[in-house]
Amino acid sequence: MYNPATMAALTATRKRELRRALEAIVGAPGVLSDPDELLVYESDGLTLFRALADFVVFPTSAEQVSAVVGLANRERMPFVARGAGTGLSGGCLPAEGGLVLSLMRMNRVLEVDYENHFAVVEPGLVNLHLSWTVGPRGFYYAPDPSSQQACTLGGNIANNSGGPHTLKYGVTTNHVLGLEVVMPDGEIVWLGGRTREASGYDLTGVFVGSEGTFGIATKIVVRILKKPQAVRTVLAVFDQIDQASAAVSAIIARGLVPAAVEMIDQLTIQAVEDAFGCGYPRDAAAALLVELDGLAVGMEAQAARIVEACRDAGAREVRAARDEAERQLLWKGRKSAFGAYGRVSPAYMVMDGVIPRTKLPYVLRRVNEIVAAHGLRVGNVFHAGDGNLHPNILYDPRTPGEEARVVAAGAEIMKLCAEVGGSISGEHGIGLEKSDFMPFIFSAADLALMQRLKNAFNPTGLCNPGKVFPTKKSCVEVGPVAHRPHAIEEKGLAQRF
Amino acid sequence: MAHTIEERAPAPAPAGPLSLHGLSVEGVNQCVHCGLCLASCPTFAELGTEMDSPRGRIFLIKSLAEGRVALTEGTARHLSLCLDCRACETVCPAGVPYGRLIEAAKAAIERERPGGPGRRAFRWLNFGLLLGHPRLLALAAASLRLYQASGLQSLVRASGLVRLLPGTLPAWEALLPAMPAAAGRVPLPPLHPAEGARRARVALLAGCVQSVVFGAHNRATARVLAKNGYEVVVPASQGCCGALNAHGGDHARALEMARRTIAAFEGARAEAVVVNTSGCGAHMKAYGHLLGGDPAWAARARRFAASVRDVAELLAQAPLRGPLAPVPMTVTYHDPCHVVHGQKIRDEPRRLLAQIPELTVVDLAESDWCCGSAGLYNLTEPEMAGRLLRRKVGHVLATGAEAVVTANPGCILQIQQGLAAHGAPVRVLHIVEILDRAYHA
Amino acid sequence: MPDGLLDTLRATVGPANVLTGVDLSPYVVEGRTPDAAVFPGSTEEVAAVVTLAAGAETPLVPWGGGTAASVGVPAARAGIVLDLARLNRLLEHEPGDLTATVEAGLTMAALQAALRGRGQWLSLDPADGERATVGGVLAANASGPRRHLYGTARDLLIGVTVVTAEGVVVKGGGKVVKNVAGYDLPKLFIGAWGTLGVIVEATLKLRPVPDAERLVCVGFDRLKDAGAAVRAVMGSDLIPNAVELLDAAAAAALGVTAPGAALLVGFDGLAEQVEWQCAELGRLAGALGGREPRALPPETWPRLAAGAAGPGAVAVMTFSVLPAQAAELMEQGADAARARGLQTAWAAHAGVGVVRATLASEAGRLEPGPVAAALAEWRELARAGGGQATLERAPLAVKALVPVWDDPGAGGRIMQRVKRELDPKNILNPGRFVAGI
């Protein structure tokens, strides 16, 4: 348990020295060490986990990041980069103490090349702000996680973030051309670049989605896309969840790849209607939000196929958004859904399983059964087209025993996804939350290979320790790196409870 | 220190509802920590530190109420730096009542960390004396007018004496509006008859600072309302609505001013209370909550609150009555926080402007971001206010507009000063002024 | 090769599945004959063979269709060819999931034929699909003209099974289209030229076969104008699936007559969409000096992937540059070669900036000096604009003068560390790849 008194007694002198060293790199206003201030950095978007850093620092350049990382190496202090802290797996938590590098002061758009369709940005740039920047010239950045109004590109790189429109356009990794990276030893290196191909291994490809364990991206080259000529958004309303699930496969079976196919269930509809009154019918068992984009020519014909597929699956109502305002409102409801659960529950835990989309009806039924068996409620709002589920288990952390039931139900859902040939994370990352579920889908040999890859980037393990790999007590990594006393413990600065 | 990752230890079951300074902060439990508010917060955008973000502040308020942290200088600092612009409320899917939470926190700060004698004097002067006593405010205004007219102001500004003024006074000084001459400060007539078919009888909040500094806005408001069929009464007994006190943490006086205001307007027998200042409108719409715990006043407060309308909100209920003369200008619109976030009025002013012939309205980037005025914020936090003002002025200049239209005197003063400091010949107008011009061109 | 290894290999995969001696002629690369070629019949047999080779520290050369066998730094040591031709099954195809899992030795053509029968396809169209295998295409990161819209292997591979350099079977990714669990191992093996592991299975994202598809050609008098037309297409609302820019020589090799240059653009989708786009292309290109667009027969597609090499080709260099620089590189590169008396043909996937140059010498006679000088100058041209060059094919005498791969800079050290971690005994295609890997 967090205890400022203990910390002050243990670390006062050493902390002062380290603070001075950090201030020498980023300046005094760029270092936080007051426990009351560190407190707000103890969680990301998933409040189930919390961990306190010794310092939060705010570098403004790759050189400063490199110098801070160099210091951390010399002092054997673990470090982790943080963007907006909207992640949902505890991935940016300082699991073993040490330094948090907040990249929020590195948020510039450095270059936009409209002729070659790319932009060079800093990692603290908010995802949506990139689309705002290039929007007036008719471009946008395609990956659109639901937190895009707040989350940063750097965080998107770490998690290989997705979003509703990844069905057609792919996830973050499909849009990253190159990265300037501060390696875990402090060296500044370019991976990839501005062109499509680079010599050697696809280090950019393996860096994206490495959850901050391979280094810290300080410049990001991403593709920007031309805005489509036309967009059509269709809302299909169903009286049974099974009908909505079936409609997803029916759409795909008709040879269509919509830009997005999202499902939203009744509990969630009611929460978002309370929040913003977006126009989803409150009495529907489920609704599908299907978006087509592309050429204006042929749009009608394609929309007709969608409508027909939904009707055949039993939709009671299918209609297209009348105008851009209505379309935006429908999307606002979809993208605000997680937060809207705050209206019906003081806390929720979102799962992020992926399943083959043909298994959707079966898995949704099982999810609802599992959660009900634990005496809990679940809201489902997810990327149905990709089979990327987001069951949100609602709970009250103040009710004794409820959290344990949430965790147990979550584990069962993860197992279910693995059993039907799916995955335990589609876009939120493994982080701290799902590390112990990794053996559901990966063998010891698979994990050992991943550990070797990690060793090539991060041999000391100081860069974001305790993530991705299964642990016993959140601090032991599998593979060649055995448990050793934490750097700060070794120095007598802290003790493990 | 223990570097453990805990599954969130069940927070100690609170003895009762969470509160600060006797004010409920139960709303903190609605926050699910999603972080969607972060990028909408001007102070977070400027500083990048999460203690200065809505989510961080909610977490601090929660921790204060739970006793996890003490109200240290540092914690008070982060909470005081909040603009109370409520941009976070607009984007919050969970419906966290942020405005109420921060007001409770500011009230706690005022009680527990009242600051030194200078700060107390500042507060007494503003909250206790001037805002509560319109006549004293008028007197102060007359002195200001003298200060400006005598040339002393230019002398003081030129001499660098300004920099010697203590604390927030330089900011105050720079902000001084050009005081209207005496003729411009005469009180409004108590009744404006409706023109044409009578729609309704409405009562106008003349405001405290507003009536003194921007009497012209009130007169324009009355004229435009009259043109649109509204009979406008101006209750003589009204005073300050108490918004600045509430935002500044002066909860006790805020309650008293609310009661006085309700009483003053109940006598007017109007169907609506019309407001042309954003903070007052948002605050008066919340009287029901403010006085909810007072059995003698709760019902009256709810009734009153339900009758409050921003002037644009009221006018936009129907198409403007013609004829409207052309106003051949290019303008941009800045959303005052307590209009757009506090009262969720976003389209109405734009719809009104769109009806004026030959008026071109161009979009303003971050139009719904605080300009830094924020009640008395530009006086209490001049540094952050200045940063936000520069940001706002940059966006205004990028539009190339001849004038910024907005709907709140605080914003007008602040943006005017920012543009003037930039030497930019861009005017700042209240929306009623431009409507009035269309009627009286 | 150590004594006895051959016998053990025969015992492992069966005597008929180990070739030696004159039977090895298809596996002779750049004059070097391997010690043996082994045909494992299952993932387990692949693992067993790799384990044996690792134990003997004998180099292994994973082999698919052999279409890119000569790409890379010439091998210093002969080794054992690991031919995956027997691993050629389509393991799973669930149309509703738009995914398929295949064995690495399945040819692209066989896979596409099976998928098309059920209305789907793998949107990857590298050259020589009759011979090229899925595993080989992944290892070489091969692609074709439709990469313009559909991307490359990294956009389509969602799961991979590899046998590591120590003979362990390892899976990365999965069978679902969206997956961030664990590190993105599929990316690691794409384009790694078999230096990190032997790909034995792959799970791929599929697409529905479009209603209609058409490839049209617009002729231009000057390459510069065709380049301007590429930029105009890129800036328009058109959604082509291929944007190919060919100089006159490359166009001629393809059998397309074009005065100075040819712009080939592909469209797919609903018939009405293809129609509209062809018309719109004509309008855009016409304004820039383009002739009337004319449709090309579907057989042109696979030949585009091969980069339209002419007769007498002695060297091929590929480039990745900014798309807007492709036409300029083609012009300057051709000039640089012409100044040395060398004939060239240039073709580009212009929308993505991937350019392929073929260098021919008169009457097939080769002077390594001028050829090397031209290639070096080309590489400089590409690098100056932030691009990259690979000497894909060249005689040994030229490879001795011009590096096959660009220097990957500081990233090269990370690549070396990755190689050391994954192949500590350096037995998988040793020395073939960048940075000495």
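Letters A, B and C name the chains as they come in the text, with residue numbers starting at 1 for each one.
Convention: a residue touches a chain if its C-beta (ideal position, glycine included) is under 8 Å from a C-beta of that chain, and two chains touch if they have at least 3 such contacts.
The structure displayed is predicted, hence computed values, not measured ones.
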| item | value |
| --- | --- |
| Where chain A and chain C overlap in contact partners, by chain label | none |
| Reference chain B; chain at largest CA-centroid distance | C |
| Central chain of the complex, centres being mean CA coordinates | A |
| Leader among chain pairs (count of C-beta contacts) | A-C |
| Gap in Å, rounded to a whole number, between the CA centres of chain C and chain A | 33 |
| Chain B and chain C, separation of their C-alpha mean positions in angstrom | 63 |
| Distance between the centres, which are taken as Cα means, of chain B and chain A, whole angstrom | 37 |
| Partner chain A, residues of chain B touching it in the complex | 1-11, 13-14, 29-40, 44, 48-51, 53, 55-56, 59-60, 63, 68-70, 72, 74-75, 78, 91-96 |
| Interface residues, chain C side, partner chain A - complex | 94-99, 119, 141, 151-152, 154-155, 164, 168-172, 174-185, 187-188, 190-192, 196, 207-209, 211, 231, 234-235, 237, 239, 269-270, 272-273, 276-277, 320-324, 352-354, 386-388, 390, 405-412, 414-415, 417-418, 420-422, 433-435, 437 |
| List of chain A residues in touch with chain B within their complex | 1-3, 6-7, 10-11, 32, 34-37, 39-41, 43-52, 54, 58, 84-86, 90, 93-97, 102, 104-105, 107, 124, 126, 128-129, 147, 149-151, 272, 274-276, 336-343, 346-348, 397-398, 400, 403, 407, 432, 466, 474, 486, 488-489, 493-497 |
| Chain C-facing residues of chain A, complex | 113-117, 159-160, 162, 166, 170-171, 173-174, 183, 187, 189-191, 193-203, 205-206, 208-210, 226, 229, 249, 252-253, 255-257, 294-295, 297-298, 301-302, 354-358, 383, 386-388, 421-430, 434, 438, 441-443, 445-450, 452-457, 468 |
